[in-house]
Amino acid sequence: MNSWLATVLVFLPIVGALVCWLVPMRRFTLGAFATLVALVEVGFWIVIAERFDFNERNGGLQFERKGSWFTDLGVSYHVGLFPFSVWLLGMAVVVMAAAIAYAFWAGRERPRAYFGLMLFLTGAIVGVFVAQDLLVFYVFWEAMLIPLYVLMGVWGGANRLAATIKFVIYTMVGSLLMLASVIVLGLHSGTFDMGAATRSNSTWIFLGFAAAFAVKAPLFPFHAWLPDAYRESPPEVSAVLSGVVSKTAAYGFLRIAIVQFDIPVRELRTTILVLATISLLYGSLLAFRAPDVRGVIAYSSMAQMGLITLGLFATNLAGLSGAVLQMVNHGLISAALFLIAGAVERRAGTGEFARLGGMARGRPALATILMATGIIALAVPGSSAFAGEFLILLGVFAQGWMWAVLGAAAILLAAMYMLRLISGVLHRDPAPAVDERVLDLRLAEIGIVVPLLACLLALSIWPAAISDHSFGTGARSIPGLLSLR
Amino acid sequence: MIVSSWICLGLPLAAALAITLAGNRITRRGAGYLATTACAGAFAAAVVTFFLLWDRQPADRSQASTLWSWLTAGDLHFGLRILVDPLSVFMMLVVAGVGSLIVWYSVGYMDGDDEERRYFAYMALFVFSMLLLVQGGNLLILLAGWGLVGLSSYLLIGFWHQRASAIAAAKKAFIMNALGDATMALALFLLIQQTGTLDFEAFSSSTSGVAPQLASNHWAINLIALGLLGGAVAKSAQLPLHTWLPDAMEGPTPVSALIHAATMVTAGVYLIVRTHAIFELAPKVQDLAAGLGAATLVLAGLIALVQTDIKRVIAYSTMSQIGYMFLGVGLGAYANGMFHLMTHAFFKALLFMAAGIVIHALAGEQDIRKMGGLRRLMPWTWAAFLIGGLALVGVPPFAGFFSKDSILAAALHHGWYGDILWFAGLGGAFLTGLYTFRLIFVVFGGEQSDYVREHPPHHHGDRVARWSLFVPVGILAILATIGGWIQFANVWTPVTDWLRPVAEPLAEATGWQEAASSGLAVALGLMGAGLAWSYYGSRHEAIPTWPRLRALLEHKFYFDELYDALFYRPAVVTARLLYALVEGPLVGGTIAGVAGVFRGLGRESSRLQTGLVRVYALAVAASLAALAIVFVAVR
Amino acid sequence: MVAASAGNVVVWAVWCLAVIACLGSGAAVVSFSNPFYSALALIGNLGSLAVLYLLLSAEFVAAAQVLVYAGAVMVMFLFVIAYLGGRADAPWAGSASWQTLGAVVTAGALLGEIVTVIGIDAAGHFSTSAQITDGFGSPAAIGRLFLTDHLLAFEITSIVLLIAAVGGIILGHHSRRTTREEVSLERS
Amino acid sequence: MIAAALNTPSIDWFELSPELALLGVSALALLTAVLVPQAWKRPVAAFLCAGGFLGALVAAALVYGYSSVSVEEIGDAVTRDRWGALAQIVIAGAGLLAVGISYSERMSDDHIAEYYALLAAAGAGMAFIVSANNLITLFLALEWFSLCLYVLCAIDVDLVRSLEAGLKYLIVGGFGSAILLFGSALVYAATGGLRFGAIANAVAARGLTDDVVLLTGLAMILVGLGFKASAAPFHMWTPDVYEGAPTPVTAFMSAATKTAALVLTLRVLTVAFPAETHLWRIAIAAIACASLTIGNLAALVQRNVKRMLAYSSISHAGFMLIAIAAANGLGGRALLYYLIPYSAMSLGAFGVVAARERELGQPVTLDNLAGFGWERPLLGAAMWVFMLGFAGFPLTGGFVGKFYVFSAAYRHGWIWLVIVGLAATAVSLYYYLGVIRALYMRPSAELQLAPSGGSPPRELLLQGSVAACLVVTVGSFFAVQPLIDLARDAADALPL
Amino acid sequence: MKGPDTAWYLSVAAFLFAMGALGVMIRRSPLIVLLSLEIMLNGCNLALIAASRHYGHGDGQIFALTVMAVAASEVVVGLGLIVAMSRREVALDVDQLTTLRG
């Protein structure tokens, strides 16, 4: 039974998507159905987390299932979970559930297509996190793009067309480079199974993978798609994009780039750390001057991905655990922030700071939730984000004090832009766009965002839940991680 | 004992959560009482802890307790851990005690405000954070508390969030504190790298634990100490990271009293005492701390001379007094520093709260130029303020006298450097007398000003509110008077003895040093007071008229302008430049350019398709000719 | 030997004449501006080719060439040209000169390449050709081949012709409807 | 006596059954044109034609099943092997779907029976060419289906576009055939063999590997076949003909012609010219690169959807040529596998275009496709999937096809070819996604012209065909193993 | 073999082929283009027959005969198209067939 769970997690939402598409239902029924499927998905995740043996000493693959797909090239449907995948998976299903519920509440047009695509996206994302075969990974990786393209292009804002085409082409270019690397690595090894594939010393293959992940994350200078995509998508899609989809890139860095490529990582570590640091600083600076709410969240997301990449390429246990923790944190944070931004935009009709302000008075729920999310986002010490960033910087400190100093500087910038965001929305006198008719968050919205926040608070109380249960003891979770220490 | 200290920690947090979650289901005043009760309960728990600890042998007065592993990575484990020892209990008593008084006071002060519940939630959160800071059993938990008090401070400074100035001040406070957090975090990284642990027991002395290991790396230990000092300086508003504190007076007055006078801003002192072993291994940094303290105390005293906002004057005085504490702990007089911390908490809270009553009575007016002659209208307040002022100046037998002067005495123990610091401290004493009594004379002395006549002071709210204003002030007035009697240097030293197991003082002044310092300091303080009387007592002039110096002082030595030009502007300009030069043209433009090139190529190749069938044939034939020739040529 | 060499000379002479006629008429086909004359020139071309076929001992093919090709096909051609009348006259060539130049260069290059490679191989395996039997190229031999080795080719050829016939019927069929909305619908 | 002397080859009727089924149906359809009343012509002829293709499909499947060993038959004119049989299956399937797409085409009723007869005949010609075993059969079968296609392109004789397409196709096609023929003649002159095997034997026996006449002939054959596969730079007829021809014909051409030409190309090159592999491999790779470049670039700026799909088919020829250039077992497998989803996507995409065309009564452009996806959910979703498939997204066979093709190139050691293919894929995204954008993301209010009145016709056959294409496109992604097994057994018939 | 040997015939065939190709590439009248195609095919036929003679077996001749049939078929279809176009009043000039382009 256990070995089926990963597969169930992948295909449950996809079946749900088919039902949405094929079975005629009314708008309300559709939304409720999709939300239900997403919640059942969360339930299955809880079952997985509960049955998962985090105490297993080597933190190896569990819930493994393998079936041949095509044998002549050694491609198989191989899924399984590492301890860290469990956490990322949990973050993904929770955020997806929140996003779907938000869309249900917001009442998106053309619900059949919409909810089907969201569920399909859920399946694809879950697939990325459980895939243990290079080609299957690639398949899910690409499959994510299909619904995202339509979700952005159909339900997005005014400039959605340009934004979507930029997003898809940019990410596809990276992905195609990865495909080249997948082919080369897989054929070279004679199997596409990640566990069995030989570790490669080729810098070029590594770069192919790294390109895909760097674009999707995104790292500077591959982020040109980011501001438009995050601004033009519907808020819940932005939430998924920045919360979950970007994490697949970080996951890819971890599961493939770092594990399979020992020497290239060592050789290119400095380069990648430089890029990650630039992303961090650049994203923070731009977030600091972004004129609108989503702009701040978008660029901050880029900065956070830079930070996570720093942690990953520290390639020591502190950095890796911190990165995993921070992936979960940031997924929840940016999802919550985007949903709140959506709620604000919905009310005020704009996300520009010039026309926002003063929403705190008389709207305690909005104020409390935005404030709480914001201060966790800026990694106030004691929060889970702080724990993640602390471990990341601690890890990268071992690679050189300079990285940690720059990272700390960027965290300072994070405080600046996040406070600017909070104040821009909540504080000072009410702005023209914020009149009496602008209501506080409704119960449904609270019900959607608060669980995310609750997860964050729970993690703040016990960040070691993730940091201590991601890699088994002694970083033997994946063959190869140990040698990188 | 452990249980009582966990209770002490947990009660305020529970109150904060309860108020937040209860929302409208709790009355405004109910929230206030809840918070007060929780803080008082915390104080009671702290007292219990204190007595339990008292019962033990001095060597046995340290106990740690870990709830769970808060953060781990591999072999590194940082527990959610508290450490109960004389130092933390000392701080617990101060924090919970003064805290509960001020929260109580707030019930009256904030009476009628729209968002009282939010206020009390924040206050309770602050008390919890501060207790976490002082109880934390390792540097990481301390840092967590450190950040959370910064957060509460931010929330409370910006409590009146419609005021742009309040929000700006809150942001400034948070960001400058975050800077300190960052340097501390870096110090922690280095410390972990060097020793692999952050538990305080490992750093309890400069000779045992991991100290020898640390001492071997000169660079590392200096950097660690410097990083920690950065955090301490930011939190305690010492030079050069002091500019946020005066602005922080935008918050409600009880907030200023609790956070920006009594407790949070003194956390830096606590940090240095707590990690004294590290500082002792890096004596230059320790000297730097003392030097910064001395510089701050003089500078802040000077600036206080020209301030016209009643709270800002007290704020600068706070900076100045914390400068004394830094001076003390920087010189190794840990107990003296901590002692001054305690007395300062009493009298500074008293001053703020008395000032709060004035402000409250004058409908929110804070400008001392509009005040005057309040002595007859508000005699009790005047008395309280006077007690606070005397304690601040260090006039015997008020609290300040006992604590401040022994810090000065310790300076004499430190060679020529100590002598300089000593003179600075004495100068500071003079300035303290001057600005304190300037304030008292301007506000309470002389004739009633026009403003006062137009707005005769009256107390808002009902009796309960009034009582909650006056009772805590009364208690604090008593404490400011007698609080210093628990130690009289070289004669009667229970505080020093109590703290000795945690922080063995490096310097203990001799009798004549104590006597000389005390005498001079008191004399200078009184001289300052006298000068103030001669200058402000008769003529009603709030500010000295000495244009150039005045401008310098009013601009607070141009620190704000400097930071604006050094940090904020560059960040803004860099961000703008990045938008204009990198984000648009380079990153966005590259895509547009590539897309344009491809579209152009597409258009060209599409134009090849002329529709002329002869051209199609020509293309086939030409490529055939090429292919055939190549085949034959390369075969 | 003499007879043989004399025969050789005669063959050479006939060959030369046929080649000149063949290439000349070919050039005429391509260069005449009037399709009618071009078609007539093609008949000459086909005829001279038939002579060359005879020289290559392909009697049946030569006969077929004259009967089928020069006879039937060309008659059809001429008939259509006559049917079209003046409409058949199109400009000789024209438009961009680079096209013409390119065409000439390409054709020249192609020709040069083929002739060169034939020249390279001429001294090699093209120098000696196989001896042939008497019946070579005779209708009987061809017929035998068609019914044995190349039976399928024979059948396919018939189908191709059938298809061409059907196609001709379809295309030549006079549409009953002369006005349809689609006629006017050109590319927007 | 003569009969006794004639050693008529034994004819394996079973081997010929797919072709015969189609030919027979073609003849019956022709009879329909004469014997059946006007009103019944369309259904009867279409039914017959569909039956023929279905029969051919079944027959080809049976031939595949019983041909584990390849045999040269009928005077060695054709080969009975799985390579050809699998291609026949694809062609027959394409024909079957093309019939469904054709059924409601607004076409003059005059020649409706002939239309189906020619469709079946073209299918028969293609079925022949994929099993051709000598140059004569090759040329004749090529002309056979080419003639059918010339006529089919121009069958809407009232439409100038249609005629123009037909004439252009005929002229350039004739030119290409002539080149192929001259190449065959040169190869024959160099080796004395017409049978593929004989050519290879002669080359081996007489050391003709570097013979210049042979190489020139090979170049010409390559050009002739590349022409049929519409590979650049011999592609220029393709956009014009695809655009001008009736859409169902375009659909059939894009799927079946390409299958026939490419399958045959690999057969000729490996069976007849194994000694020249080093040369033709590079040539094919160069042609593939040219096709990928030109096809994708030109498609970027097209507004007319059919024309865009035509350029896309050029680029896909490029992808499949990569498999041929790899010239290894993986390449053979890749080619046959690729053809299956490709044919389905191509047919389906043109089918959707045909549906829209019928609604609007005018050529389909990206602009007047606006909102179509919402109005016609099945067709819209199908088009979406086809475009994703063309672009090589997962969950469609297009992805696995490209994966195999690139794997084949890599296995040969040509990583650069993989890179070129990937770059081309990246460029192609722009226009494939552009179609999806037009379908779903532009409100139909932007559309300038209203659909030509009434509710859109319910074309069950067309929708069924498109749905079948959809099933194949997606199904081939999941059922890789069985399809690859088929393709591997088929490719084993060639000396790869 | 009497007279010129095979290479000569092949060269003539090449000439014919190239000449026909040139005709296709430069002439604008579809009729003449069709005639030029015939010349190309004739060139092929000559090459086939020459090679057939060279090797002394009849395959090439068979091929040539089928080519003749194919050529005739192409002519039929081509002429049919030309007639259909003239019915539709389309100019008989391949350079004016540019409705489809781009």
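Should a chain be cited, it is by its letter among A, B, C, D and E, assigned in written order, with residues numbered from 1 in that chain.
The rule is short, and it goes like this: a residue touches a chain if its C-beta (ideal position, glycine included) is under 8 Å from a C-beta of that chain, and two chains touch if they have at least 3 such contacts.
Fair warning: this is a prediction, and the values are worked out from it, not measured in the lab.
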| item | value |
| --- | --- |
| Shared interface partners, meaning chains that touch chain D and chain E | B, C |
| Intersection of contact partners for chain A and chain E | B, D |
| Distance-to-centre winner among chains (Cα means, whole assembly as reference) | A |
| Chains linked by the largest number of contacting C-beta pairs | C-E |
| Centroid comparison with chain B (C-alpha atoms), farthest chain | C |
| Between chain A and chain D, centroid-to-centroid distance (C-alpha), Å | 43 |
| Where chain A and chain C are represented by their mean Cα positions, the distance between them in whole Å | 70 |
| Euclidean distance of C-alpha centroids - chain A vs chain B, Å | 36 |
| Centre distance in Å when chain C and chain E are each reduced to the mean of their C-alpha atoms | 5 |
| Contacts with 2+ other chains: residues of chain D | 136, 140, 143, 147, 150-151, 154, 157-158, 160-161, 166-168, 171, 175, 186, 189, 212, 215-216, 239-240, 302, 430 |
| Per-residue multi-chain contacts in chain B, two or more chains | 606, 609, 611-615, 617-618, 621-622, 624, 628, 632 |
| Where chain C touches two or more other chains at once, by residue number | 95, 99, 102-103, 106-107, 110, 113-114, 116-118, 121, 126, 149-150, 153, 156-157, 160, 163-164, 167, 169-171, 175, 183, 186-187 |
| Pairs of chains in contact (touch as defined earlier), listed by label | A-B, A-D, B-C, B-D, B-E, C-D, C-E, D-E |
| Footprint of chain D on chain B - complex, ascending | 595, 598-599, 601-606, 608-609, 611, 613, 615-617, 619-624, 627-628, 630-632, 634-635 |
| Chain D contact footprint on chain C (complex, rising order) | 113-114, 116-118, 120-121, 124-126, 144, 147-153, 156-157, 159-160, 163-164, 166-167, 169-171, 173, 175-177, 180-183, 185-188 |
| Sites on chain B touched by chain A in the complex | 20, 23, 68-74, 76, 114-115, 118, 129, 132, 140, 143-148, 150-151, 154-155, 158, 161-164, 167, 170-171, 174-175, 178-179, 181-183, 185-186, 188-190, 192-193, 571-572, 574-576, 578-579, 582-583, 586-588, 590-591 |
| Chain C - residues contacting chain E, complex | 4, 7-8, 11-12, 14-15, 19, 22-23, 26-27, 29-30, 32, 35, 38-39, 42, 45-46, 49, 52-53, 55-58, 60-61, 64-65, 68-69, 72-73, 76-77, 80-81, 83-84, 87-95, 99-100, 102-104, 106-108, 110-111, 114-115, 118-119, 121-122, 126-127, 129-133, 136-137, 141-142, 145-146, 149-150, 153-154, 156-157, 160-161, 163-165, 167-172, 174-175, 183, 186-187 |
| Contact footprint of chain B on chain C as seen in their complex | 95, 99, 102-103, 106-107, 109-110, 113-114, 116-117 |
